[in-house]
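Okay, so here's the structure we're looking at.
Each chain carries a letter (A, B and C) given by its place in the written order, and its residues are counted from 1.
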């Protein structure tokens, strides 16, 4: 029983005001307006691409809403685009960079030096030496707004770009740059890149498929300019750790070693073929910018394995033009004609474009 | 005489119930004030308001000349209290309990603590209990320990709620003697009880609470002053009526009430008429009668529990 | 007043029983680990436990991680829930307040004593963990390895362990504040304890729920595991600082509310 009088109402008012102020504080800070600057889109893109040498350290969060219907073989990849990943970054340029992917009870550290890099896995107490590779399956550091933003902007045409105001990201003024791909096959509706007005570093990247919520949203929560301490970025395997050489057998390596070459068409689903140095020649790469397609010849066993997992997905389409699944803007096709070989086609293209690709691909080579 | 407890228009409402309904207490220095009322009449609520535990809905309380609960910190160290039975930490000894209680407020120097504890334990008759935890005490021992806690700082005012609860007759007599002795030494005692006999035996002033209202407040001596009549006890009441025609106001078995405040004069008349007289005394109203009459006057019957135990 | 409350708390057999029970679980885990030599799979189970087999000096941290999610908060909720409601139930509250121990002072003293309990408990768990870890497992007193794979000197390791102990203690203050707050509303210690535990269970549940992600940063249990961040290199202060601030906000608001209630409340127990 509370006695009226004796300031009960006044005291509870103090409580209410205190709670109110504390609750409102974060939203007030978050609502600080960002100041826009009159930078044209091509210039902003150039600024972003030129920021590769800007040294900084920061804390980033990437959240993906994509559930890839693939099995354990690609679980790392699927975790990457479906989960929330927290990363700490120390970046002094491509030759001295450290990215820690944080977990509640551990972390995985990616240290890059001039001649390759170290991957430190705390949970396994394992340090793995990796060689530089022009093409490999994406790792969490590739999802950092700086890496992803620059990569997506690098092949964008000026006509695809427009300005979209400004917002505050990581407590900094960020200028918006919107990329709307022109390719008819594109499954990516648009990409919003928010570029730091001061340094040109991309601070946030949002990739939109057909849905209104981003299929991938990666942003810095904290960012500080300036060269990180070399002691922080260097890595020496600690005593007691297992040291290994990178023996990860990507699908790509497997394809390169074991699958015979098949002549690939110069164009697939309306996308021109392209070459990337160091990429296995057996793999066909098509497209530009955010509309990319990869056709990989794989063993039938593997294809059937992947197909089995894909079929379990309710969204799978299997209409005789190839088994296809879309996860947000990401499409996956398994083409497994009778015989030993099969095609695995993946890319940021529509299901129809995948069907067109299936029709245009030559019969896969028999296993050699 | 200075006022020790004064309340003006004290009201406490719990929801829609007026537990205490505008009472004006007046307890003066040196009093043994008997605060009488049935269970549920608002006694305990009033006592808690005096001590600042329950906050009044309206009205004010002055303790030792200072406003409560505002001046609690300076006033309460000078007040000893026993509220609705004793309460202690069962796993600690009586001595440790007293020590902790003394240390948890102002006005009890740690230098004299040991000595004071020894003294009060002696006073309430617990000197020999040693280090037994309170959980092993009997109800009567806990009551004594509670009283010891109230006496720890030689208070000017003792506020005691049912202090003899759970004591055997001998214990009751001991405690009564202790309280009267303290009163003689100058301690004002505010005694809240539903036991008429207890109040009648000890109090110098009486306040009667009936369903939240103070229906009576006066000196006990005044309330029970001779009425001007004489009570005669005789095996033959009819002959009294015959001998003292017109002066007999009431006959109840062997008890006859006769007008006239001089028993000797009445006795002489009766002996002269040859009426056997067993007993003879000036008539005084009992406290029970006074209380019942006051309650009736207040509009309702007060439920008074059995007298004594 | 504070001394009195500390005295009451630590003279109670129940307090020490609680602490002893808290130590039993890590001890049991350590013995089982030693007997079976089966460390949990990396990334599973409580943090640091997988590393204990190779370095026993990490066991204090593993012990803290073991008791942190459930046992420690329960113990804190029991003690803090009992603080005011227990006195009310025993009837001693009215004597304390008529003594008079000012209501605000009493509340502060209760909070301080609960804080002392948390600190003593956490330190005892860590100390017992150290003794158990170094006796049962292979100890590497020379150095430790941080989560980030760098090498920590013994001084760094000790310093960070002390920080972790401090952080875990502060993390428990939110629970204590909830229990103390409920404790001023009821005369039943059990009710206050269960109230605080209900808040914790709700918080832990919401934390795992994607739909609750907008309020996730405000959940009292949100930053509990951030003590792991103290063992990254360099230390990741972000969540630790947020955890401290969040606990500070909870303690501040709840204590003010407890004060507003307790100082204007009729003591009828």
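Things worth noting here:
Here is the rule we use: a contact is a pair of C-beta atoms (placed from the backbone, for glycine too) under 8 Å apart; a residue touches a chain by one contact, two chains touch by 3 or more.
Bear in mind that the values here come from a model prediction, so they are computed numbers and not experimental data.
Nearest to the global CA centroid, when each chain is reduced to the mean of its CA atoms, is chain C.
The two chains most heavily joined by C-beta contacts are A-C. Taking each chain's centre as the mean of its CA atoms, B is the chain most distant from subunit C.
Per-chain Cα centroids separate subunit A from subunit B by 85 Å. Chain centres here are Cα means. That of subunit A falls 38 Å from that of subunit C. Between the CA-based centres of subunit B and subunit C the separation comes to 51 Å, rounded to the whole angstrom.
Across the assembly, subunit C contributes 264, 266, 268 as residues in contact with two or more other chains. Residue numbers of subunit A whose C-beta contacts span two or more other chains: 1, 3, 6.
Chain contacts: subunit B has residues 54-55 touching two or more partner chains. Against subunit C, in their complex, subunit B makes its touches with residues 48, 51-55, 72-73, 76-77, 79, 81, 83-92, 96, 100-101, 103-106, 149.
In the complex of the two chains, the subunit C residues touching subunit B come out as 1, 3-4, 7-8, 11-13, 90-92, 94-102, 264, 266-268. Residues of subunit C that touch subunit A in their complex: 42-43, 46-48, 50-51, 54-55, 65, 140, 143, 145, 147-151, 217, 225, 228, 232, 234, 236, 238, 249, 252-253, 256-257, 259-261, 263-266, 268. Looking at the complex, you find that subunit A touches subunit C at residues 1-3, 6-8, 11-12, 14-15, 18-19, 22, 26, 59, 88, 100, 102-107, 109, 120-125, 127, 221-222, 232, 235-241.
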